[in-house]
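Right after this note come the structures.
In what comes next, chain A is part of two complexes: it sits with chain B in the first one and with chain C in the second one.
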Partner chain A sequence: MDTLCQSLNPLPTVALSTGSWIVLTGAATNVACALVGCFLVLRRMSMMGDALSHAVLPGLVVAFLFSGSLGIVPLFLGAVGVGLLTTFLTQTLHQYARVPSDASMGVVFTSLFALGVVLVKKFVGGLHFDIACIYEGSLELVPFADPIFGLPRPLFTTLVVVVVNLAVLVLLWKELKVSSFDAGLSTTIGFSATAMHYLLMVLVAVTTVASFEAVGSILVVAMLIVPAATAHLLCDRLALMVTLSALLGVASAVLGYWAAVYWDTNIAGMMTVAAGVLYGLAVLFSPRYGIFSTMIRNLQLSMKVLREDLLAMLYRVEELGSDKFLTADEARQAVGSRWLARWGLAKLYRTGRIERAEGHLRLTEKGRSSARQLVRSHRLWETYLVKHLGLPLDHVHEPAHRVEHFIDEQMRKELQIELEGQGQDPHGREIPE
Partner chain B sequence: MSKTAFEIHDMTVAYHRRPVLWDIDFELPEGKLVGIVGPNGAGKTTLIKAALGLVPLASGKVEIYGKSYQEQRHLVGYVPQRESVDWDFPVTVRDVVLMGTYGRLGWFRRPGRAERDIADRCLQQVGMASFAKRQIRQLSGGQQQRVFLARALAQEAQLYFLDEPFGGVDAATEVAIVELLHTLRSTGKTVLVVHHDIQTVREYFDYVILLNMRLVACGPVETTFTNENLQKTYGGRLTILDEAAEAMRQREPNR
Partner chain C sequence: MTGSIFVLGLTLTNKVMIGTAVLGGMAGVIGCFAVLRGRSLVGDMLAHSALPGVCFAFLLLNSRSLLGLSIGALISGLFAIGAVTIITHWTRTKEDAAIGIVLSTFFGAGIVLLSVIQKPSVGGNKAGLDSYLFGEPGNMLTADLYLLTIVAVIVLLIVAILFKEFKIICFDTDFAKSQGWPTLSLDLAIMTSLAVVTIVGLPIVGVILMAAMIIFPAATARFWTHQLHTMLLLAGGFGIAAGLLGTKFGQGLPTGAAIVLTAAAMFVLSILFAPRQGMIARLTAEVRLRRRMAREHLLRSLFELSESALPQLPQIPLQRLRDYRYWRSLDALLSKATEKGMVTRLGQAVQLTAVGYRHAAELTKAHRLWEMYLMQHANIASDHVDRDADDVEHLLPESLLVELEQQLASAGRLPALIAEVPVSPHQLDSDANPPKH
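Then we have the complex of A and B:
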């Protein structure tokens, strides 16, 4: 008897260890999911994967009832049918019955899933249609499934889907790209965004169905979204994102299998966890948005501000023309945070901006010219604030102190022009050239 | 007498049966810069979307150089509102501009060297050549708008629709856009621009379409952009139109 959970069969004809078959099947599933998942994530339709994976159930049952088997072709036809139907129903409800789009999605998918459950109970009574198995999948049993062309059936099915997805992506790359980025433009130049939406939904449905048998619905839903979302954090080219998400899918399969064997637990579940862990790492360490990299960037910025404050302070002392020079200790005290200040001073020595003479700190020529630009920025900004924002004199130092670090040569020129070459700041001090 | 580039016949557009544009009817000669002006909710964006076939018409028709939009797609360039897309999308500036060439390529064909050259040339025209390899997320609002304009240029169209290109851009970009409009006009293109700032209409445009759910006036700026017409456009909606629209939405006569 056909079942969704495969019964024990002889090993497939291609000789590989049990573990290799499992990892291969998991990896193929993840790749198939990641390929279409990227577009779900970019179109902000991540929940469609979840929804479709539930809605396909009645399609499978109907396909089974008509064909009397769980062969690949009827299964895929059922999936395509359901993919089209659900997309149509959701859109129609949203457009014509004016149901909000999230609600129409919720209504359509839950109802279809319920319909599927009812159909199973009513017509497929004799069949071992195991619901738990749909959730968790049965990766463990993959190596023992009937072989097709020497490959276990679930692996073969999934590979077919990988090829289909890949073919669609290659053929319709620019169409998918433009319709995901700018649906309006896409439609006006002849690539109907609605048609592309339907196509994508069909691919998602087919991918979901093909992957069900082996890995179950949890892994499918996760793999549609998680590797794609991880890749989105890590790169900013579409081709790179799709490639990386596929690689992340493979990595999740390998890591997940290894961890599941180690802890002796459900393999599909562990692969999902692995994908989640990779996502977590990306959130922490992504070079652009990672929490960790943001912290490092913030620290670098505060170090830069601190160094510049030290330079400007030395410059101002020099400017007063007194004989008194700051010692390193005094300088550290003046900027607060003593440890960071020590660090900042060290860098200033190293880059040759300050030097020590008789226990005092002195600007080198290089340091003096950096400091001059900074003080210039500060005073230009103060002058600008007084002249154009009408701030009183005692309110301009603080804001200028904050902004001075971000004013570059270009802006200094603009300010200079704006202030018509005014040579003094509002406190009557010279604006250095 | 120059050719008619764009024509709308008795067009009504409705959302959920409630008309938002009533019986619009006008034609525009080739080679003009046309401002579409009206208060918020007047249907300016809807007018453009209807012309481009993005929203269905309840009645009437749209003609581009005498034929339907479907036949004349290749003659039309479109710049949607900047906010309508996700600027976090993983593409470069050049990728976005390349999308302008997709329509000409048709299904399945990939852009090649020739298309990349076009894209680079268009980027140069809007002064964004040095940004070609940047991720679009890193652009300022004005830069985003210029990229969109470059993409429209890459469409190499005859008739352009720009939805609020001046919205939230810096002064430099505004100047660049105006220059670009003049270049387009000098090469015989027709450009329709949804515009918010009535102060600059006289300065920027040759023609003006005054819109407030219905067409108030359409014609050369000197004769059409009058105080009287402006008053009609901005002096509140016509209550009768609103009532009729509401009645049609509820599908029963007002009692």
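Then we have the complex of A and C:
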């Protein structure tokens, strides 16, 4: 394909199966992308990957025209140049011409891409620049590329980029971290957030170009964002997020390859889909931020509230005198939903908080003590609202009813001190000890 | 004229010109809402995420009819919008990442489907579908032109009917919501129109350039007006012009790229030359303001240096003026002021003219009134007010000065006037003390 690399090639290719080379190259690309992608996602500049991967086209053409080859060095210089240019133009348009930041990004990368298309048409004549190939890549052909130091050229290139990205991350970890989370702070304590921004954009551009030949722009765009966003759903520490997103990148490469072979389709496209599927799984099932886990947590909370309301209701009925009782049916009616009430009551039976006696529900000693704490929280809060906020009597029940489930022992003590041992709530009922 | 356009027998170039002009016009109009709502890149996302729908439609219908493929594209575009909405509403992923994720995953799926279509067992080849990626205006049929025109009419009608509603959710969504407007449905209406326009444009200009057609005319029009309806008209006009000129002058080049570069040229020209908001206009205004401020500082300094000798107008040695405050280019400033008849230069000294004196007195009055106002009402120490007043004095309108004067006078804080200029409330370097600099 090109002469520079062949002349650098004294070693025979390491013997590995075709599939392993493809997976290795995919995985290396994904790791390189994930390392810088985390910062793109955190800085809310995810679309910059998409923009840069299109904007580098004229840079590549110019590099190709000047050097006459697709050698690594000219390509990288072209990428760095265009990366800086895109960033500069986007920022200038935004700052000095007051174009909204997303529009300025869109304006810059589409014009650069159009320029690239024209340059290709005018000067290169489609020789080495199949634009479809830029989208889809040619991962299938990686094992047959010219080897450098025993590795196929695309794999070698991406490994270099992985090392570069990793080195920058390790050396400038603190700076990148601070400037990503708080640009103002970063500039005040002495490292310019703007410089970090440019550095990051150059890294993205270089990563993009390094990955083009092998995997195509679409996989790069996906891998810059998707694993990082997936990791962001799974954890809250930056170091963990970077590690996780690299691992997710490798996982997408393996799964994508496997699926592409199974269905005999495009490998890079399938790796992208695999990453998307992993993201979808994280959206649904992430322990902390997933949709299902949030729903389950909400359901658990509302069941806890419902059980506590049932206990408090039984306690209040008991308070009225020993001849009043609550039947299971009445309890269900009070809750509103038959199924939820049955579920809540069942759990209360099981944990030994209520018992059934002659068709009535009755608190056990254990149930009575937890109910007493609840009613105590409720009445302390009502008293507090009236005494310190001056709310009218008929306005305090609702807020207290909502808050009572979240008032713990410590809070009850503090409230009692605030109320100076007042023994009755504003409705004249006793606050239980 | 309009009647005769649609007779058969149009040359291909004319057909392409009309088609791209129609496309540019409607993309410009609907693009305004995307740009104003901060959704410029949604067009990019829609263009990318149309691919799997196109492939599915091709696999199902086994034909390349524009309508069938476009409906497939529209369906997957709507799925993409839905996915972004769900992700941004239900997870901690931000909108930019959500757009990127949906874009790349859908496009990846599209590429997978393309490679399925290419298989001999499926019997297709993807030629023709490629135009959905890269645009092939040369393939435009008269029927496609009809489709484009119908879509354009429908989109423009929707915009015309819902103009007020779209306007309010563009500028203040929360207000619209509090007023009871169905903001979600209106947002979806904008997004759907955007999707339809993007998708009919895809086979003509391709993915990236379609994204550009959405953003460019709107961003260009934004430089020329602050009125939404003017902006819509201008953006439509810019879009049409980009289509016509791009096709006309871009012969021999890929049409889509030529159109986008034309749009880019109009954008750059607007950035530079638009009145008021263009960079040249803004720079000129700034330079003018700076010059006026420098001239006014000169006059006030001369006034303050002359103050002790009033009503005579003394000759001030240049060195004294130089020591009094920092000057960026005193000589140029002085010759400009001489030209305007404000000062006279006498060798190494300068003197205020009568005209210059009156002007300088007004400026000094404004300066000191503001200083006193700050001390009186903002409780700022007398040695801190000079700097603030220095910036503000140039911008105080006459009516405000009168008001300040009356207020301070009625509060008994307006000291005896020398030529209607109050005494400086703080020590001046021109008083007895020799210059410190």
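Just so it is clear, the second predicted complex is superposed on the first by the 348 of 433 C-alpha atoms of A that agree within 3 Å, B and C clash if a C-alpha of one lies under 4 Å from a C-alpha of the other, contacts with A are read in each partner's own complex, and residues count from 1 in each chain.
As a convention for this text, contacts are C-beta pairs under 8 Å (C-beta built on N, C-alpha and C of every residue); 3 or more make two chains touch, one makes a residue touch a chain.
Bear in mind the structure is a predicted one, so any value in this text is a computation, not a measurement.
Peer 1: Once chain A from each complex is brought into register, does chain C clash with chain B or fit beside it?
Peer 2: clash
Peer 1: Is A:Ala331 contacted by the first partner chain B, the second partner chain C, both or neither?
Peer 2: Touch partners of A:Ala331: none, neither chain B nor chain C.
Peer 1: Regarding the shared-chain residue A:Asn266, is it in contact with chain B (first), chain C (second), both, or neither?
Peer 2: second
Peer 1: Should A:Leu52 be classified as contacting the first partner (chain B), the second (chain C), both, or neither?
Peer 2: neither
Peer 1: Which chain, chain B or chain C, is in touch with more residues of chain A?
Peer 2: With both complexes superposed on chain A, more residues of chain A are touched by C.
Peer 1: Of the two partner chains, chain B (first) and chain C (second), which one does A:Phe181 touch, if any: first, second, both, or neither?
Peer 2: first
Peer 1: Looking at the overlay, what does A:Val62 touch: chain B (first), chain C (second), both, or neither?
Peer 2: neither
Peer 1: By the touch definition at the top of the document, which applies to A:Trp173: first (chain B), second (chain C), both, or neither?
Peer 2: Once the two structures are laid over each other on A, A:Trp173 reaches chain B alone.
Peer 1: After superposition on the shared chain, which partner residues are touched by A:Arg44: those of chain B (first), chain C (second), both, or neither?
Peer 2: both
Peer 1: With the two complexes superposed on chain A, say which partner A:His232 touches: chain B (first), chain C (second), both, or neither.
Peer 2: In the superposition, A:His232 contacts both chain B and chain C.
Peer 1: Once chain A of both complexes is superposed, is A:Phe191 in touch with chain B (first), chain C (second), both, or neither?
Peer 2: First partner only, chain B.
Peer 1: For chain B, sort through 164-172, 200-208 or 236-244 and name the stretch that clashes with chain C after the overlay.
Peer 2: Residues of chain B that run into chain C: 236-244.
Peer 1: On chain A, which stretch or stretches are contacted by chain B in one complex as well as by chain C in the other?
Peer 2: In chain A, residues 44, 98, 232 are touched by chain B and also by chain C.
Peer 1: Which residues of chain A touch chain B in the complex?
Peer 2: 42, 44, 98, 171-175, 177-178, 180-182, 184-185, 187-191, 232, 235-238, 240-241
Peer 1: Touching residues of chain A toward chain C in the complex: what are they?
Peer 2: 41, 44-47, 49-50, 54, 93, 96-100, 102-107, 109-111, 113-115, 117-118, 121-122, 131-132, 135-136, 218-219, 221-222, 224-226, 228-229, 232-233, 260, 263-266, 268-273, 275-276, 279, 283, 289-291, 294
Peer 1: Where on chain B does chain A make contact in their complex?
Peer 2: 16, 49, 52-54, 73, 76, 78, 80, 84-86, 89-92, 95-96, 99, 102-103, 105-108, 110-111, 135, 137, 151, 155
Peer 1: Quick check on the complex: what are the chain C residues that touch chain A?
Peer 2: It comes out as residues 35, 38-41, 43-44, 87, 90-94, 96-101, 103-105, 107-112, 114-116, 119, 130, 133-134, 208-209, 211-212, 214-216, 218-219, 222-223, 253-254, 256-258, 260-261, 264, 267, 271, 277, 279.
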